[in-house]
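Each of the next two complexes has chain A plus one more chain, namely chain B in the first and chain C in the second.
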Partner chain A sequence: MFNMTYEARRQFGYRIMMTPALVLMAAFIVFPAFYAFSLSLTDDALLGFAAQESSYVGLRNFSRLFSDPLFWNSLKVTLIFVIGSAVIGQFVLGFASALMLQRPVKYKSIFNAIICLPNAVPEMVVGFLWISMFASGEYGTLNRLVAWFGVEPQQWLYTFPLMSIIIVNTWRGIAFAMILLTSGLASIPKDIYEAARVDGATDTQIFWRITVPMMMPTIFLYMFISTVTTFAIFGLVYTLSRGGPANSTEILGIYIYNQSFTAFQLGYGAAVAVISLVVSMVLGIIYVKALKVEV
Partner chain B sequence: MVTLVRPANEETIMTHHASQRRAYLTLVLISLFCLMPFFWVVLAAFDPKASQFLQIPDGITVNHFWNLLANESGVRWVLNSVGIVGTATLLTLILAGFGGYALSRTQAWWKRPLLYAIILVRIVPPPALIVPVYKVMLFLNEWINNLINSLTSDVAQQVVLSRIFSFVDGYLGLILIQTAMQLPLAIWIMKTFFDAIPKDYEEAAALDGASQWQTVRHVLIPLALPGFAAAGLFAFINAWGDFLMPLMFTSSPELQTLPLGMFRAFLRVDAIDYGFLTALAVIYTLPAVIAFAFARKFLTQTFSGGVKG
Partner chain C sequence: MSWTKKTLVLLPIAAAAVVAAIWWSGELPSDLNPQQTRPTLVIAEHRTARLQALYQLQPKLEAELGVRLKIVEYPAPPQDYFTKLVTELRAGNAPDVFTVPRDLQVDDLAAAGYLANLTADVQAWPGYQQLPALVKTLTRASFDEQVYVVPSIVAVEQLYYRHDLLTAAGISTEQPKDWQDLLNRSRQIKQQMGQFPLMIPAGLTWGMGSYTEGFRYLLASFQDYQLLSTGNQYQLNDDAVRQAFGFYQTLVQEQLTPVNPLLNPEPWVIPKYEMFPKGELLITTCGSWCKVFDWGPGSRNPIANVDTSVQTWKFPSADGGEPFALASVVYAWAVNAKSRQQQLARQLVLALGEVDVALAYAVKLGNVPARLDAKEHPDFIALDSLMQDHALLTETRALRTTVGSNAMMAGVAQASEAVLTGRANALQAQQQLHDYVVNVLGAEMVEQQLAKTLPLPAALATEVEKN
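This part shows the complex of A and B:
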């Protein structure tokens, strides 16, 4: 220590300073992520004989997984949920809000605050609010709304479970899309629009030929972030439906939870977790490479 | 105002009005969609006859909020949430402050790979971690409880210490896991803010005879204050709203936090007290909404880390 140069001491100090944070992330995220791989090769369980002494079973969990219709169902549900809410719902409504707020409209900050509100609500409360919205019988809020159009009262969470959670997540995420896409719109130089107008371009032409191409990097960033975060959702769907009825809203996170802590099969749950980890890491690496994130 | 480029003839004024109307219509519809679910919770919280359905109250009462104070579990959930999330946020700020500063200043060759790795850590979906994290927590729990039992043989002390320091069904475990989950984003935010503070400032302070600690206190921390605000707000919002970790690691009623306490109260389908729960939902939501209002202007700055606040 004492014969180090000033600079070497400083560099050493930096390592000491970052150690506690790195240790915590290593212990609770990085190590568990790798540990999931080794657990997925065992028959570990919460109850019974395997709970005392789990043994190595090779790839048996994975071969079971790939022939398990419930796993494929969960993967399908997750895909529809991500595309329906993040790629389509949030994006379309968020982009529309961002575009409209670019115009010289009044009460901008009020519209902005209202659209941001759902994003701030804790997951548990989201479930709570929407269970009331979807309440069955003629007094349910949504049922009263659709009654204006002559639609019979529905049991929304039973008849349209997947659609329901897509609507809820769309509702929650419009703000994020709007904020990100607004920052993208703001970075398009104004004189391009002026020039196009002088040349006689219509609004539709301007949107498809200028706005959309210029927004591509932002749209890509949005698609990546929202896909990854939607893929990781748990509490929002769990508080609404706990994966039911009949596995129809069992997104991957809930499938892992149910297999591990309701069916008590930790090894099998870990195998599903490995699939989920691999998918998100592949997405992450594509993102880091494609965007060449500035460090 | 008349624009110079475009003559204000009748036709453009007409399309201008039509497109303005379209803009308002779109914004009003989206706003209604966003507001709709809130009507019920706000009305029911003040409705003496609160129910699951949206209704105009006959009268207005604040009794549900007073009852919260008298209700032992309601108060406990709030205090537990504030204590656990508050401590986790503070810990996140301290660790991310040091970590972000060090990552900003270090010249080690592994700086870039480490920063990319932290983005990947941020992307790990928490539900994929529950099984291995549960195992890790069980292991640490056994270790800490053996330690507690070897330190004191007084059973009453053991119970108290175990409640505080346990990893499963204890405060420490929940605080540490919440902190770990918030660290990747917080470190990225802090690193970005420290990057913007020129190294010259520190060197100038050192030349003027300031000690290392004085430099940190009087130069670095004041300059990085917006960074701390952003990192703290996002850590608070995420940990405050988290449902999965409390679900995994709390079971005893004394340790219940707001999300899980409310969820379990809501599961007792035959005996749901809607007045109590909606008032609690309002209390639970307000801090998050206030924090989000402050955090909003930082949101775009967190994108560089490839992460959603």
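This part shows the complex of A and C:
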């Protein structure tokens, strides 16, 4: 070590400092992923004889998965949920909030706090809070609101189940979008805007020709993070609907839970988790490519 | 070393010493407490009523057995309780003693090696002779005929109907003779009263209840049908299964049952707790607990004079047999196979099988004691409606299940939901159930030979055969 060059010693020092993080990642991310894959090749279960002694079944869980209409339904529901809440809902409203708060607004910090509050609430609490909002019957909060307009009480979580969970997740995620996009907006040099105004550009032109293109890396970064995290959501939807009615809100996280801890089929549940991981990775790679970031 | 450095070193050491001293001194008195020197048994319990009963019994049980009972409160919903219990059993950190919610879960838990074999203890226990034959059968695992649980209470399940409202509408309240009679009565209710007549649980969100509180009644309606073959395989190709789905199909097609509430996250809330008390639903399957929990004076939507307003019919047969009530051994006590206090835990579960314990639970839960000698207990004689249900114990029916019952029930939930939502007719639902169970458990667990095909009852024929 004493014969090392300065550069080599510096690299060695970095590696030493990275070791704790790498060990933790290996223990809590890489190992479970490999373990899930190995589990997906077995008939392991929490109940029955397989719980005592599971056997290797090859790709049987995967072939069952691909012929399972409930899995395809779950994948479809997940994609709609991710696009509806993360890609459209949170992004549009988060971007709008970020733009709005860029301007000199009175009581800006209060607006900031209001928008950030939902993100500070644990997702299970958000779930119960919205159950009360969506409650059927005349005493549900939303039903009381729509009653002012003469609308009959609705069973929101039954009549509009997927839309309901999209709205809740959008509400919860606006803050994160706003914070990230605000930092992106702040990084655009002010003199570009000033030059554009001197050249006579309108607000709309400035937005589409300067703000949006300059924000693209931040937007893609946001899309990447929000897509992957929304893909993994469980508690919020489980609290609100448990995947029902009629599987209409059964996102992948709930499907995995139901297979593993309601039907107690660990092997099959792990197979779904592996597919979920693959889908997330594919989406991640697409975003990373779009960001033109080398990983 | 400077004073500052010395302080920086000594301060955390001193703080750690103080914390250790406080912790140790906190432990010391309890170590000397005679209560603490007794062996401790950890017992899992859930739901407020059951917890109240156990806390009430705790001093007596502790004194009797010379143990300290540590009661751990588990989540109330049966599915959440069972999931937590099973994951803990798998992890090896489950309590010494716990309950198995339904008899048909015994096989799966025993096959997984989670339950201690109690055969010798139970057969030597005087209480065993007081159990009805059906209850004895339901406490054994089908794959080895060994006893793994000690029964305490039994749910007697039948059809519950609004006697007050049917009488007021001039509709017969006679016991329906068979399915056709029940369906005709339902059609009359719909026509005359404009309300949903009949609800039999079904669908995914009702979970295992779709089988235990719904489909099971329909299968048991066939005198000659057994869910298990003599080779311990599920007989899902039998025509009784198709006809059972056909019954659901008729209810859905003729709008005799409220479908939408059954698709809700908590499907029992609207039909049982709201529609039935309001008279918007007239007949439902339920158990002896319903008059206490669902519509009793302490429930959320009590029905006035529930004992007379709500009365019971036995479930009618499909093939001309006698109407029947179903029995389920619920919350039977089991010992963790990995418990370090095996002997004490076994003594505890036998003590929990005694009549006075069963009565403490029965009163709070509305179930009946499993033992026949309970009828002589003065406290029980006072509970008239439960006494009536208890009297049915020797004539009740049940369908035996084997390993994989959880998968079979999940299959029923899925297939019945397909019927509810109109995605499958009876035959398709039967196929779906069969395929699901074969997929999960393997073909060897399902009887593949096609059993006899029965003609559909006339009441179903019109609607079901069109599809």
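Everything that follows uses one rule, which is that the second predicted complex is superposed on the first by the 248 of 295 C-alpha atoms of A that agree within 3 Å, B and C clash if a C-alpha of one lies under 4 Å from a C-alpha of the other, contacts with A are read in each partner's own complex, and residues count from 1 in each chain.
Here, a contact is a pair of C-beta atoms (placed from the backbone, for glycine too) under 8 Å apart; a residue touches a chain by one contact, two chains touch by 3 or more.
Because the structure is a prediction, the values reported are computed rather than measured.
> Applying the document's definition of touch, where does A:Gly140 land relative to chain B and chain C: first, second, both, or neither?
first
> Contacts for A:Gly48 in the overlay, against chain B (first) and chain C (second): which applies, first, second, both or neither?
Touch partner of A:Gly48: chain C, not chain B.
> Touch check for A:Ile286: first (chain B), second (chain C), both, or neither?
Neither partner.
> Of the two partners chain B and chain C, which one touches more residues belonging to chain A?
B
> If you stack the two complexes on chain A, which partner ends up touching A:Leu24: first (chain B), second (chain C), both, or neither?
first
> With both complexes overlaid on chain A, does A:Gln155 touch chain B (first), chain C (second), both or neither?
second
> Considering only the touch criterion stated at the top, classify A:Ile174 as touching first (chain B), second (chain C), both, or neither.
A:Ile174 contacts chain B only, not chain C.
> Hey, what residues of chain A end up touching chain B and chain C alike?
261.
> What does chain C use to touch chain A in their complex?
Contact set of chain C toward chain A: 79, 83, 86-87, 90, 108-109, 111-114, 203-205, 207, 260, 263-265, 270, 403-404, 406-407, 410, 414, 417, 420-421, 439-441.
> Along chain B, where are the residues that touch chain A in the complex?
5-6, 15, 19-20, 22-24, 26-27, 30-31, 33-41, 52-55, 95-96, 98-99, 101-103, 105-108, 111-112, 115-116, 118-121, 123-136, 176-177, 179-181, 183-184, 187, 237, 240-244, 247-248, 258-260, 262-263, 266, 277, 281, 284-285, 288-289, 291-293, 296, 299-300, 303-308
> Can you check the complex and tell me which residues of chain A touch chain C?
Against chain C, chain A makes touches at 45-49, 51-52, 64, 68, 70, 136, 155, 157-158, 240-247, 261-265, 268.
> Can you tell me which positions in chain A touch chain B when the two form their complex?
Interface residues on the chain A side: 10-11, 13-15, 17-18, 20-22, 24-25, 27-33, 35-36, 39, 93, 96-97, 100-101, 103-105, 111, 113-125, 127-133, 135, 139-141, 144, 171, 174, 176, 179-180, 183, 194, 197-198, 203, 221, 224-226, 228-229, 231-232, 234-235, 238-239, 252-254, 256-257, 260-261, 266, 269-270, 273-274, 276-277, 280-281, 283-285, 287-288, 291, 293-295.
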